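Input: structures, listed below.
Look for chain A in each of the two complexes below; its partner is chain B in the first and chain C in the second.
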Partner chain A sequence: MTKKRQLIFSLVRGALAILIALLVAMLLIFISADGNSFGQRLSATAEAMKQLLVGPLFRINAQGIKFEGKRLADIFAAMIPTIFTGLSVCVMFAANQFNLGAEGGIMLGAFSSALVAIYVPLPKGLHALACILVGGAVTGVVMLIPALLKVKLNVSEMVCSLMLNYIIMYIIKYLMNTAYADKSKGQIQTYPFLNSSKIPALTQASIFTSSKLSWGIVIAALTVAAMGFFMYRSRWGYQIRMIGINQDFAKYSGMKVGFVIVLSQVLGGFLAGAGGGIEMLGRYPTFGWSALPGYGWTGITIAILAGNNPCFVPLAAFFLAYLGKGCDMMATYANVPTQLIAIVQGVIFLFFAAERFLSKYRQSLVVKTANEEIAAKMALAGGGGSLPQAGASGSQDSVKEGGKKDE
Partner chain B sequence: MSNLLSNMLSPGFFFSIFRISAPILYATLAAIVVEKAGFANIGLEGLMMFSALFGSLASYYSQSWLVGFLVALLVGVGMSLLMGFFAFQLETDIILVGIAVNLMGSGGTLFLCKIITDITEGKAMASTTGLITSKLCIPNINIPVIRSIPFIGRVLSGHSLLTYTAFLMCILTSIMLYRTSLGLNIRAVGENANAAASVGVSVLKIKYIAIAFSGLMSGFGGAFMSMSYAQGWSQDMVAGRGFIALAAQAMGGGECLGGMFSSLLFGFAQALGIKFSSVGLDSNLASPIPYAITIISLAIFGFVRISRAKKPKVAA
Partner chain C sequence: MGDEANREEYIVQMKKIDKVYSNGVAANQGVDFNLKKGEIHALMGENGAGKSTLMKMLFGMEQPTSGEIVINGESTVLSSPSVAIAKGIGMVHQHFMLVPSLSVAENVVLGMVPKKGLFIDKEKAVEITRQNAEKYNLHVEPEMRVADIPVGMKQKVEILKALVRGARILILDEPTAVLTAQETEELFRELTALKKEGYTVVFISHKLNEIKEITDRITIMRNGRSMGVYETKDVSKEDISRLMVGRDVILNVQKDAAKPTDVVLKVRNLEYVNEWNKKMLDKVSFDVRKGEILGIAGVEGNGQKELIDMLFNLNVPDAGEATVNGKSVIGKPQAKIREMGVSLVPEDRMLYGIAAQASIEENVISDRCAKKELNKGPLFHMGAIHKLSEQLVKDYTVLCKSPAQQVGMLSGGNIQKVVVAREFSNDPSLILADQPTRGIDVGATEFIRKKLVELSRSGIAVLLVSADLAEVMELSDSLIVMHNGRIVAYFQDTGTLSDEEMGEYMLGLKEQTPEEIRRVCHD
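Moving on, here comes the complex of A and B:
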């Protein structure tokens, strides 16, 4: 298939997946809508959908629709942690390691960063950097557990990382109750971060004002670029991707499979942990998470949407943050529970991950391309002749497509 | 410490081990059968959440635990068949299907709970614990003769109906896998799908049956969670049991008997955690014990498996 057709196919497929998810959402909203008659319910549904789709950027009221810079800033702010977990999952899934530890990883990173931010006085600037690096390093070291168990003892990294999520959460809760608790406060939280550790807000401009949006978004963007370079332009990134595509091939071509599997999970852990630190220092005055934040699971959805390519992670993160904001708006203005996001996200996830979703359409595109190539060759050879159906080269192309699926 | 020990030797402690193990055992049986058919269903957690929610709601609206129980089974089987459709027909990676179901099972169930209770109650509820009375729970069974045996009676009698069926199901699943043609087909598909297909076994059908079985077991587990273990559904109530079951399956060597013992081990760990908090230890320190035991035991079993595999080579 030509690159252009491949792009068209991806776009059509993505759009259709989103459309199906929105239809499911609409159906659920319709069922739950207030009103007695069909018409009333329909208009309530339309109102809710308007909030979901337009609400994240615009204020809708009787006077019309007005752009809200603050809501856009909120969306960007919500992208900070999920970009990091998305990148983390990308690296691990690209090596075919189904490590689901980004969820616990971001909490552990946030907590370790918080401890450095509270107890280790350092000069401004250096302090934040130290916090983030410690958060990332601690999580990276913890991810050695599933990685080494996988490589040495062939223990499922998936089960192991899931268990670790719970262990991390309970131990942090225990530490927050005891050693690091700020007992002077009513709720369970740590002491406030030192001022030198805070990541400042990105802008003070009044139209775009949001206390939640920190310089973290810039760090996230730089990390995306670095990871894109790492995965597609560096030796280790290449090895990670090759192991993900065909581990046996990678092994027989002389790659150190064990090392690269460990590397991918430790790097994934580092990214999740650093993201937790950045989120914590840019957004909160003190550590108060008492449950897993859910960013890890969103990160998995992002990685699937981005096809494990770091460069597409910001797009996917923006899309999910937009949807999340839309669901919040819907909960505020249309009385639809905000957890609708989980169902919408799940449906989109399923259709993006479905290999054979629209496979007939892809097949028709492949055949069309092949026929065109044959026609072009015929014309070049000077022989007019009748246009053959997808011949030798056409079927070769489809074999290639089929081969891809088998991996 | 002596306080803890005397607490542990009480019949109540052993009773609670069986009670806590039951939902893990159901999920473990689900994991065993799909593993025998050659794939993994990591969506058990989400399936149990959905079954638990709809079971408790159906039991409330029909005012009958039996209807609730059957609805829980139906939801489990229906959703697992849908998972099968995505995995087998649309060729989605089965692991990703499982993750999607878990995603929906965590937040989506809360959404559904809110909109469903909103329709009839006027205000959205975030759990169904207020709706389920003890009358709507799965009944407890007192076994006539065993009940009167001093210590053992108090351990083995008086359990929920579904606790007994969990252990019964363990035996039935074992018989199904090793004594019926269906079980033979499931194992054949798991060993070598092409070979099974070549002798006329419909691989797709067998895979659907296996995943539907895992849904059925999740239905049992979900019903037990919301209609017996706790009265009513609340968010994230399954609390990783679907994942622990995956570990129990691996630890039990993929067999029913081994799976039962590893489920009991996890039940023991969890019961121990509860006892810890009852003697004044922080429950946050006790709660991670079963998860930590999972990792440690998986590591031990992995080590044993690998050193066993190495031995013949040394001999040769």
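Moving on, here comes the complex of A and C:
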């Protein structure tokens, strides 16, 4: 297929997937909408859809529709942790390691960063960096548990990391309640972060007036680029991918399979942990998470949508953040139950991920391109295009005769 | 020929078949193909000509882009293999479709499993397999795990699988690529018997002798088009290769006498007893020297696979030692073994040889991705990598759109070329070549054999294993014969050997004295 046709296909496919999903969503909203008459329900549905589609970026009121930078900033802010967990899952899944530890990882990273931010005074700038690195490093080290168990004892990394999430969560909860609790406060939280550790907000840019959006988004963008190079332009990323495709091949080729598998999970842990630190320092005054934040699960969705390619992680993260924001808007302003929102998200995801969706249309484009190529070659060869035949014409004739009679 | 009524009976007609794959490769263009009841029909053509593609469509694995398939006079859509099987079509694929972790018997009855209550009746499965193996004279070990059996046996399991399912039209995609001459003979006897019973066989092979021996008609393909149908007896081998390749092919590799120098590979007293208590290696000792090709002849399953496995640490022997340039390779990680300059063309390319979903480029750098020439600081030197892969694709005539194409989408022979290109080009001091020309067409076989001789003459030690006796005899400077895990003969010079004599050694009817055999150790 030509590049152009490839692009057209991707666009058509994406648009159609969203459209179908929206139609399904609309139907569901309509069924569950308040209102007695058909008309009332219809207008309620229309209102909900408007919130879902344009609500994330625009304020909708009687005067009309107005772009709001704050909402865009909110979406970007929501992308910070999920970009990191998305990247984390990409690296681990690319090596065919179904490590689900990004969820606990981001919480652990956030907590370890928080401790450094509270108890280790350092100069401004350096402090934040140290927090993030410690958050990443601690999580990376903890990921050695599933990684080494897998490599040495062939323990399923999936089961192990899944359990690990809860172990991490309960240990952190325990520590928050005891050693590190700020007893002067009514709720369970740690002492406030030192000011030197905070990641400043991106309020300088005039359209972003949200205080939630920190410089973390810039770090995330840089990390995406770095990971893109790592996975597709470095020998380490290359080995991770080859191991993911065929481990026996990698081993036979002389790669250090065990080491690379450990590396992928430690790096995945580092990314999740660092993401946790960045999220914490850019957004909160103190550590107060008392449950798993859910970013790790979102990261899995993102990695799958992105096909384990870091370069597509921001797109997938944006898509999910936009959808999330739209659903929030819908819940707030249009009275749609949150359960329904989960269904809508699921439906959209389903169509996006369905590989065979529209494959017939794709095949027709492919065939068209191939035929054009063949025709072009024929024209080049001088119009004739009949390939030379030699020898044994007698027997060939007899075969042809047979064929004719059959027809 | 005289029987008019039968002559018109086409049981399969494929008319004007076009096939364009999802990546835009037009693998078949307007191909006409038909089968008469009770014939053995050869399908021939170079690597990538479109043979497997055409047959996959007849077996319902791929759908034609356009064209019609008529079976028994009825226009049919073969939407899946199960539809084809129901129509009495069976296919043995070029690449094995077996479940490695299951036993031979379980593989044979897969999908039609005999049950005992809720459970698989393993005994029954073994029984069925044994009976059919006997009936069709295809010797297999029903209870062994498929992962542990040699390729030749895997091939027979595949054929059995198709027969057990009641196929009356049998498609065999390169069934003999890994069979020895004797096994091929046996298979041919079987096919001839099946033919007499009215079975129809499509036979794909790159070996002209076999085609001449067993087939009735030949369809020749080139570049995705049919070059016509011929009666086998009317065309000579030269005609066939000219039709396929478009030029004359000489398969006789010229080589000057070897001048072997220092010992590179030294194997001493290797012993290995497999899970079923069969002694696969029995005090195997030999040397391979710089500048020589040492061939291993023998019927498949006499320890060749195990020997190669030990030398590349894909398995560990019970006793014995093997060194390359003085350093032991037993139990060493493959990374270390490769560092010593050992290359391996594995017998089963799909298992170890490639990462199917990666590009050709990514596959040819797998053994050298950390090398200085291909890296620039922490990143790959993409320019150097592109150059390397383009060069290899060109040198080894890999038929592809570009080196960025997925290896899994190449034809079988072209996949083999990718593996060979990588293993021959990494500056080795020892090449372990296990079936190096498996599934490769005549033209490319000629090239690879020449290349192997050229490499050995440049001072590389080569250990060659091949099921193709002619290949071993022709390429090897000297030769050992393995039988029952032992070396039973050593010939310093292959020039004077006759096939008959070799046959006697290979079947264990004759054996040299220990003194004669010990000459292969050059201490």
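Keep this in mind: the second predicted complex is superposed on the first by the 366 of 407 C-alpha atoms of A that agree within 3 Å, B and C clash if a C-alpha of one lies under 4 Å from a C-alpha of the other, contacts with A are read in each partner's own complex, and residues count from 1 in each chain.
The criterion applied here is as follows: a residue touches a chain if its C-beta (ideal position, glycine included) is under 8 Å from a C-beta of that chain, and two chains touch if they have at least 3 such contacts.
Just so it is clear, the model here is predicted, and its values are computed rather than measured.
When the two complexes are overlaid on their common chain A, residue A:Phe98 makes contact with chain B while staying clear of chain C.
Of the two partner chains, chain B is the only one that A:Tyr174 touches; chain C does not reach it. Once chain A of one complex is fitted onto chain A of the other, the partner contacts of A:Arg235 are limited to chain C, with no touch recorded for chain B. After overlaying the two complexes on the shared chain, residue contacts for A:Val155 are found with chain B alone; chain C is out of touch.
When the two complexes are overlaid on their common chain A, residue A:Gly254 makes contact with chain C while staying clear of chain B. Using the contact criterion defined above for the overlaid structures, shared-chain residue A:Ile245 touches chain C, although it does not reach chain B. In the superposition on chain A, A:Arg362 makes contact with chain C only, not with chain B.
Contact with chain B, but none with chain C, is seen for A:Met163 once the two complexes are overlaid on the shared chain. With the contact threshold set out at the top, residues 405 of chain A are in contact with chain B in one structure and with chain C in the other.
Considering their complex, residues 1, 229, 233-235, 238-239, 241-242, 245-246, 248-256, 359, 362-363, 366-367, 369-371, 373-374, 387-392, 394-396, 398-399, 402-403, 405-406 of chain A touch chain C. On the chain A side of its complex with chain B, the touching residues are 28, 31-32, 98, 100, 145, 149, 153-156, 158-160, 162-164, 166-167, 170-171, 173-174, 177-178, 294, 297, 300-301, 304, 336-337, 339-343, 345-346, 349-350, 353-357, 405. Touching chain A in their complex are the following residues of chain B: 42, 86, 89-93, 95-97, 99-104, 106-108, 110-111, 114-115, 118-119, 124, 240, 243-244, 246-247, 250, 282, 284-285, 287-288, 291-292, 294-295, 298-299, 302-303, 305-306.
Contact residues of chain C toward chain A in the complex are 7-8, 10, 13, 20-26, 29, 32, 34, 65, 217, 222-223, 225, 227-231, 234-235, 239, 242-243, 246, 312, 314, 333-335, 337-339, 344, 346, 351-358, 362, 365-367, 369-370, 374-375, 378-380, 382.
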